[in-house]
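Both of the next two complexes hold subunit A, though its partner changes from subunit B to subunit C.
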Partner chain A sequence: MPARDATSIAWFRSVGAIFMKDWRSELRTRYAISALLMFVVTTISIILFSLGSESARPEVLCGMLWVVIFFSAMSGLSRTFVMEEERGTSMTLQLTARGSAVYVGKLLFNTVLVTGLDVLTVALYALLINGFVIKTFSIFLVIVLLGGLGFAAAATIIAAIIARASTKGTLYPVLSFPILLPLVLTVINGTRLASDGAFFEEAYGEFQILISYIVVVIAVSVLVFDYVWKD
Partner chain B sequence: MTVALTASGLRKTFNRRMIFDGVTFEARSGNTVLISGKNGSGKSTLVKLLTRVLTPSAGAIALSAEGCVIPEIHWPLHVGLVSPYMQVYDEFSARENLDLALTLRGLPPDAARVAELLDDVGLIDRSDDPLRTFSSGMKQRIKLAFALIHNPAVLFLDEPMTNLDAAGIALVRRVMQRQREQGILVVATNDQTDVDAFETKVDLDARP
Partner chain C sequence: MRLTLGIWMTAVVVLAILLPMVPQPQHWYEFPVVGGLGEKARIIFFHVPTAWLSFLAFVASMVYGIKYLRKRNPDDDLKSSTAAGLGFLFCFLATVTGSIWAKFSWGSFWNWDPRETSIFVLLLIYGAYFALRSAVEVEEKRASLSAVYSIIAAVTMPFFMFVMPRVLASLHPDPIINTQGKVYMNATMLVVFLSSLAGFTGLYYWIFTIQVRIRRMESLSIHHEGELKRA
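And now, the complex of A and B:
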């Protein structure tokens, strides 16, 4: 087998090992899942109580959906790196795996978490919030999938940056907000189009922005990850 | 395979505080290196530099096999480390941790090798128990197996006797003897026993 192929197989095996490690660890400890669940239920309950029997305008409801997803994601996604740092296993990963494999493995895990979070939030939101209607489901589906991947990509590298800080909890949403702002604005816009019943083609602009955002964030993250993560 | 570990002019500073400067040595297969010095002299920092966990402020480190320099991305395949500051995964069993030590490095799972090492470190009977139920000495044994699973060409042991009973200390001595025969052994310790058994000595107390 050529050396390059063997190296690629080793890299993919390493990515798979990191993903499976985080997945099995999460199933046993439930740190991130519990935090995400609690946040989703709490924020949707607060929205329900504050709206009462009133129904807000669809644009407002679209924005609030992503506020719930943004803050819920912020409460759980940082755990991937913070836990490694707190348990002293960061060095174990640094010694055994390539930086790019660690980033991609953690990104895959965060993507699965965000996708689960999106499905749960949208289901609860659609069931409980009066007036939230999606007329063009195809736009909404693409926006949720791309938005989830974008959230996971940015959240993963930010988590690696803040993992060594002493004020992780407060630093994470503060640092995430400016980086995630273009993404949040675009997904809110896309959700509004889906809610208005726009044609699929009308949302191409939003799709392009999201895809560009994801490509740029992942490419930059892979390039700088070693400098961010190692001393 | 003949390997060589070369450190030249290593300096490490944290903020403006210099930990050590001018650390230079070379070791080849069959050589042993002792890093000694009092608490705070930078023994663990030097081990972290040599394993590429930290970046030196100045100087260079190279690992080569048969005269060819090994790129940094391939170091995990050739280096093993046991240290008090490097932890394994408490929620996983001993067997799962050793499987992980292979797959994280991009190597295929090897049940026979895992069983052999678990037997070697005396934990085969507890191989499926989660590590959170282990004593600190048992965890130290698992760390040893974690570092040895891929037969590293260079083995770094930072205070390897920590938390070990007499049988554990004998185990470490066996591992050290085996590593002497098949690769490079680097030990960072304050323990002055067997000092004469090391060919190369890096005394950080004797440096600025």
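And now, the complex of A and C:
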């Protein structure tokens, strides 16, 4: 079926084009990157100040790592869609690309952003906070990668929703939290396993939950995205 | 309908509170004692129906939301938000009754039992749903965005069933309704319990129809006033 091949190639092209467009405009303005960076630095220093000279238990530190990541992600990820509304470019995007291509393009961009955020947060966290140790690195790596993708998947569709609402900033964490909670609990659990030095096989349950969460959220998002996106 | 419902609910409440609980029920009017709970087991007649309704209303709200997305009929959105409003009310009642019961059975009003966490998340989802609705001014946009949000919330909720047992063990009693499908109630208790369930569902349906009618009239009068002003 040559016609169908042509459209699917066009679809992949528009996904790539949307990703590159966001990437370039991000590099020009550095809005999201600087917001995320400052948020990570601020929250980690607050944790440092509040800990003082005490050292918290590793389980608490594992949880706090994801608190930092959750709120930092909430400060920057809505940007991809809010930006389109503010600049008035969403109409043009609606005309030039299919809804699913827009969602997947933005999802890729947010995934890159979250993964960068994860790496940065973990690096700063490991450097600055005493008592945070990861004994099973393989579990931690898989948890961070899958967790990042899951975060991006849910955050992208919620961002598309709140871009249409009038109070964009405050609503984003409110809407995202109940959706992201199963993911957050699972990644915290996985990080604890990694910090306790569990075997890789012990975290299979966490991986299963994360993968099914990602699949379900992305599938449903692609299905309903047009209702949010199209006027 | 109102009179039947009133008599029905009165009978259920009176029976549920007055019938004696004995270790070995001999007569038809006696309830068996549920292990470890004593008289506190009577909460099942009120707490379980409210919890059931908060779940039912959530599903109803989502189904009407999907109907709206398919047909674009504003009446479906009205029903969807009415169901969500009632669901929020019953969810609140279930939380409060459960919490009071927990104080006397477990010793504290709140201790993040998995069931408590799930109902807390359901409350958060309802809260987020109404926050979203109040933040969107255009009616069609508000309807489709809130429908999409309830769909996404509904597909992520089941993950709690897999995530929560990995995090915490539940103390929530299920000698009465449990996963093995065994019913530890005698016939009288089961009849009163099912009547209570039916009565509460009838109550929900009755309030739902009244609310829908009121809000239909409200939206009609708003349109009418608009036309008068224009004329």
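Please note the rule applied: the second predicted complex is superposed on the first by the 230 of 231 C-alpha atoms of A that agree within 3 Å, B and C clash if a C-alpha of one lies under 4 Å from a C-alpha of the other, contacts with A are read in each partner's own complex, and residues count from 1 in each chain.
Methods note: contacts are C-beta pairs under 8 Å (C-beta built on N, C-alpha and C of every residue); 3 or more make two chains touch, one makes a residue touch a chain.
This one's a predicted model, so the numbers in the text were calculated from it and none came from an experiment.
Q: Who does A:F177 touch here: subunit B (first), subunit C (second), both, or neither?
A: It touches subunit C, and subunit B stays clear.
Q: Identify the partner contact of A:S50: answer first if only subunit B is touched, second if only subunit C is, both if each is, neither if none is.
A: In the superposition, A:S50 touches no partner, neither subunit B nor subunit C.
Q: For A:K21, select first, second, both or neither according to whether it touches subunit B, subunit C, the two together, or no partner.
A: A:K21 contacts subunit B only, not subunit C.
Q: Check whether A:S138 is in contact with subunit B, with subunit C, with both or with neither, and answer first, second, both or neither.
A: In the superposition, A:S138 touches no partner, neither subunit B nor subunit C.
Q: Applying the document's definition of touch, where does A:N130 land relative to subunit B and subunit C: first, second, both, or neither?
A: neither
Q: Determine, under the contact definition given at the top, whether A:G88 touches first (subunit B), second (subunit C), both, or neither.
A: In the superposition, A:G88 touches subunit B alone.
Q: If you lay the two complexes on top of each other, which residues of subunit A touch subunit B in one and subunit C in the other?
A: On subunit A, the residues that contact subunit B in one structure and subunit C in the other are 231.
Q: Using the touch definition from the top, list the residues of subunit B that touch subunit A in their complex.
A: On the subunit B side, the touching residues are 48, 51, 53-55, 73, 76, 79, 81, 83, 85-92, 96, 100-101, 103-108, 146.
Q: Can you name the residues of subunit A that touch subunit B in the complex?
A: Touching subunit B from subunit A are residues 7, 9-11, 13-14, 16-18, 21, 24-25, 28-29, 87-89, 91-98, 101, 230-231.
Q: Which residues, counting only subunit C, touch subunit A once they are in their complex?
A: 69, 121, 124-125, 127-128, 131-132, 135-137, 141, 144-145, 147-149, 151-153, 155-156, 159-160, 162-164, 166-167
Q: Name, in rising order, each residue of subunit A that touches subunit C in their complex.
A: 154, 157-158, 161-162, 164-167, 171, 174-175, 177-179, 181-183, 185-186, 189, 205-206, 209, 212-213, 216-217, 220-221, 224, 227-228, 231
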